[in-house]
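Written below as structure tokens is the structure these notes are about.
Naming follows writing order (A, B, C, D, E and F), and every chain is counted from residue 1.
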Amino acid sequence: MRRVLAVGAHPDDVELGCGATLLAHSAAGDAVTMLVMTGGENGPGDDAAVVGRRAEQQEAARTLGARLMWGGLRDCTVTPDAATVAIVERAIEETDAEVVYVHAPDDSHQDHRAVAAATLSAARRLSRVLHYQSPSTLTFSPTTFVDVTAFLSGKLAALRAHASQVEMSAMVEPDAVVASARHWGAQARIGYAEAFAPTRMVIDLAPAPLPPVDELSHASRRPRSAPLSVALY
Amino acid sequence: MRRVLAVGAHPDDVELGCGATLLAHSAAGDAVTMLVMTGGENGPGDDAAVVGRRAEQQEAARTLGARLMWGGLRDCTVTPDAATVAIVERAIEETDAEVVYVHAPDDSHQDHRAVAAATLSAARRLSRVLHYQSPSTLTFSPTTFVDVTAFLSGKLAALRAHASQVEMSAMVEPDAVVASARHWGAQARIGYAEAFAPTRMVIDLAPAPLPPVDELSHASRRPRSAPLSVALY
Amino acid sequence: MRRVLAVGAHPDDVELGCGATLLAHSAAGDAVTMLVMTGGENGPGDDAAVVGRRAEQQEAARTLGARLMWGGLRDCTVTPDAATVAIVERAIEETDAEVVYVHAPDDSHQDHRAVAAATLSAARRLSRVLHYQSPSTLTFSPTTFVDVTAFLSGKLAALRAHASQVEMSAMVEPDAVVASARHWGAQARIGYAEAFAPTRMVIDLAPAPLPPVDELSHASRRPRSAPLSVALY
Amino acid sequence: MRRVLAVGAHPDDVELGCGATLLAHSAAGDAVTMLVMTGGENGPGDDAAVVGRRAEQQEAARTLGARLMWGGLRDCTVTPDAATVAIVERAIEETDAEVVYVHAPDDSHQDHRAVAAATLSAARRLSRVLHYQSPSTLTFSPTTFVDVTAFLSGKLAALRAHASQVEMSAMVEPDAVVASARHWGAQARIGYAEAFAPTRMVIDLAPAPLPPVDELSHASRRPRSAPLSVALY
Amino acid sequence: MRRVLAVGAHPDDVELGCGATLLAHSAAGDAVTMLVMTGGENGPGDDAAVVGRRAEQQEAARTLGARLMWGGLRDCTVTPDAATVAIVERAIEETDAEVVYVHAPDDSHQDHRAVAAATLSAARRLSRVLHYQSPSTLTFSPTTFVDVTAFLSGKLAALRAHASQVEMSAMVEPDAVVASARHWGAQARIGYAEAFAPTRMVIDLAPAPLPPVDELSHASRRPRSAPLSVALY
Amino acid sequence: MRRVLAVGAHPDDVELGCGATLLAHSAAGDAVTMLVMTGGENGPGDDAAVVGRRAEQQEAARTLGARLMWGGLRDCTVTPDAATVAIVERAIEETDAEVVYVHAPDDSHQDHRAVAAATLSAARRLSRVLHYQSPSTLTFSPTTFVDVTAFLSGKLAALRAHASQVEMSAMVEPDAVVASARHWGAQARIGYAEAFAPTRMVIDLAPAPLPPVDELSHASRRPRSAPLSVALY
């Protein structure tokens, strides 16, 4: 069982960037957490929009089999300072994450840049930090891919959970999501793919330790409750 | 069980570039093959040097738990033409390789460049092609690492098998091999690492299919004869 | 009226890389020529396959409104030497080309690399050299795009003309062609796009010189025979 | 008629980076606007220096045939936050710009970096964003050029309008301006050029729609008042 | 005698990045200054930790033969704004520096990024700005090296002066320092090296002017008080 | 006294790329050798053109204070194979070169690419290999510069020695040579510069050993016959 943390600046960023990969993690029995840095502001007098976005994000996380954490920052004000770094550090610590997914650093949205930079700082001791692409990402030369053929419809479902957000944003176009997955899939010589540019990625070649036999003898093929701890990277 | 092919231009190139990673593959029960493109010329009248190099390379392959294939080309004459591509294609076909390791393309040695180019062509339909560094490699910006702390002494042993080669080459310095492993290890936030720049690398997140229970109940921790088929990438 | 030359290593390379852009050129009244370096070998005893490929390529060129030139080289044997450079030089001279489209230089197919290199040499005095992507292209970071929404179905028709070729090649997948056009279109903030990485691209901002009035007064909207000479780049 | 917006951090930045290109746009009948983010502070008690700089910038804009807009920020304090993005968004909206010129993102001056980043964000839905070079620009690999042979003396005249600024800055050297234009011109295989690195650049190959004939029959060669609407990119 | 300024964000950053090179400068009779931007906060009520760190940094500077300057900023709060630029500008002015060493710009620590950016701005008129690597540096492709074989133990001694800092930081590992020096040394075809990526580096090929003969006739081999003014770059 | 080798594919390539730097080396008393790979073919029946080019190249070398070596290859036929590597290896051995200047590797002329690649191979054990720009060079991001203000007219004189060559080549334009020197000089914050991209460059910071005093007491300022051995890099 891997411990996975995906960080995004706004509601729906994580789903767009690596939603199908998170579904693949969930299907493999991994512990998946999403940290959404803005959009879920707390406090007295939350207006309806915030409440709505929070509910949508919660539903999207449920769709992906992921736990949801909020960063508590405000849209369009994120800076990569020590406070932002600390938010990501706490999420890494709390989830004991082994692998972190986050925005690519070269992005025209200032919040995306700030979240990427702060996450690189917070994850400075981790061996696996992978960057995903957003519609506003600028340079992006991915070398690492995940086959998401089986999870693409689930990704679209998670995006549909963000009904209000998708309506607002002219840049989230479902057909472009599918097209990019097919484009990267062709690059990766598979069907559909999500694409990643790693800052660093340690691959673990060791076979998984065998579980106790009596546990295994009752195992279904993809046992959620007692997953085979597979050394995937 | 993964099927792994490592391609190098000359005897000892593969060991220098990814020898410890091949040991990690062997330890995981993978089927490892080395294709050495030059240095093992066949024919009547093989002189003693060729025979000696072939024996050394065979011993090094044995040390790594790898099968050895020869490309049959001559040192310093390799070109990335259709004939060279065909040699690598045959090795990929014969081994049914899923992952290929090869020189980085930007290298000051013409044979290294040619072997990298020919292998990229031969592996055009494979989803996992990773480039290793040689002493003559020029630009190299690795993002993908394998923890080789447990396999570094084995790598040095494989290099020592090339006694005549190592004496000849001023560029193979064992202390630099260890230093680079530590340098890349620090980059990867682990102990010692071999470093790779992927052309493309598809990670497989699915859990391994469970073997039949009665087979497992007798399994040792790392069963060589009946390896757990682990989905590592 | 612009004079356009598109160079490709094999039948269907040009159509895959920039077929829709050539259609846009043709629709604008430009003089479009395709130079296919291999696959149309002349001589006594042409076998049926060559004759068939030549007919298919001729039909594809007709579909794109382009003149067809053959380089006369043999598949998988192209090298970027003086003879190959001379073939492209002659095509540039004969067509008086102002803009050249050709493979991206970093490609795993040796013929593609060789054709890109030879064309860069032959076009050394031209101010507009743009590289297109092939399925075997490696690094590719396009910055320049052409809106091909109106021409995508024409591109697919041109590809279908290569019936024998498409059957042979596992790497030409029509749905991936459409997906990449949509992917690049999203990058370019338009619908569907072909993507280019320029070696150099001079944009001409001057308005077109006005044609004589009596000629214009009879002009249809897109007069092929007396096209408005538009300064497009 | 194209609608062009050029954004610079300080008075004279736009002229230095793309002044001759703006002259070429003006000569082609395009609507050209300059947005200068700092240096024109409003308010009671404007001191003489500010008034002088504003007059100089106004004169330089007039020389280029451009409309002038001020961003209202203060020199050396620009940050790429939401407020700065909003200033550029308003200018894009007000001018309905189709193409935006701005500083290259990698620049040692913090204001230049901030203006480039904020403009990339504000122009996130535009298909044409081109970066120009400043004396403080760091990495810069231009691929796109405009022939400015006919406009170089006009550019120098616009720079001379900034008499106080040029005296202040040791980094604005007219001979270096001319030398760089010739250097880039040689790269572009033309005489003198301004050089651009596009974030994205969509080229429009369609011929311009023909104007009504009776208008044309009276047209001078470059009719400013009724310019031929040329599809330049 | 060269005038050298090395800038670092925190105590021990300069020593880690270019400590041995500074020792080589000192040995050559150059005037070496270190500017440490944070960690030496002044004021009433300095706590023991600050006092301790300041003493350690002073001792490390003494070990390197360098003068120590403090930037007076606070750890984890550095931004590349005009105030930070001014601190570095003052140090450049006061030392009349000809060459500046500083962090590489792409670094996961926000203070490192900010110090690199501010130094590039402050040194905008200098002809020699070289970037060193820190454990948190991300992309780094050095081309310029200094042979530090004779100075590596001195570098380790300077690092040991930071006893409290080294204990705190899991990322400063002496064996990794030595390994990286050997790794870069192999890249540079020498023994041990520190590696630099220059923003710009002007090499001075002129021979040193000869000192007056009667001065020379009493000269020791490395005369500190009347050093031979050697044109090193 | 440094031992310098500059390698070029054709007559005048070295002068164009680094002629002024070679003059600076000569002025500093260094031993400068030029290796021109093609254009000086030997043998019975040399035609007048070859004889003329050889005389011109000899005169240009004399102008630069350099020894001339010929590679003996034929224009437009250079390949980076073992034979070409051996030619450069012999020149390195014979001159005992410490620093090598050569074409940049990414160049549209096949001979330039081949000479760059072969020289990188031949110089694989040297610590100083610097690439210069030619008119046909493609990507080029120099970081290292030599101030050539005092040597630019000498460079132009050396180029004028190639009267027949310069007439032939439309790409050698003296005003562009001067403009590029000024452009790079502005980048380097000096007057006029030649620009270099190093593959690797080791800087030697040690002061020069003092010559014996009685030799010095007779020394002129720039003693050619007994040059001060200056440790320049």
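One rule holds for everything that comes next: a contact is a pair of C-beta atoms (placed from the backbone, for glycine too) under 8 Å apart; a residue touches a chain by one contact, two chains touch by 3 or more.
Here the structure is a predicted model, which is why all the values come from computation and not from measurement.
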**Complete:** Note: chains that touch chain A and chain E both are B, D
**Fill in**
Co-neighbours of chain C and chain F resolve to B, D
**Message:** Among the chains here, which has the CA centroid at the largest distance from chain C's centroid?
**Reply:** E
**Contact-richer chain pair [A-C vs D-E]** = A-C
**Fill in**
CA centroids of chain B and chain D: separation to the nearest Å works out as 53
**Prompt:** Which integer distance in Å separates the CA centroid of chain B from that of chain E?
**Reply:** 39
**Message:** Can you pull out the residues of chain E that are in contact with at least two other chains?
**Reply:** 124-125, 199
**Fill in**
Chains touch one another in the pairs A-B, A-C, A-D, A-E, B-C, B-E, B-F, C-D, C-F, D-E, D-F, E-F
**Prompt:** Which bits of chain B are touching chain F when the two form their complex?
**Reply:** 76-77, 108-110, 113, 136, 138, 170-171
**Request:** Spell out the part of chain E that touches chain B in their complex, as residue ranges.
**Result:** 135, 139, 141, 173, 175-176, 178-183, 185-186
**Message:** For the complex, give me every residue of chain E touching chain F.
**Reply:** 21, 24-25, 27-30, 124-127, 143-147, 187-190, 193, 197-210, 213, 216-217, 219, 221-222, 227-228, 230-233
**Request:** Mind listing the chain C positions that touch chain F in their complex?
**Result:** 80-82, 85, 117-118, 120-121, 123-125, 199
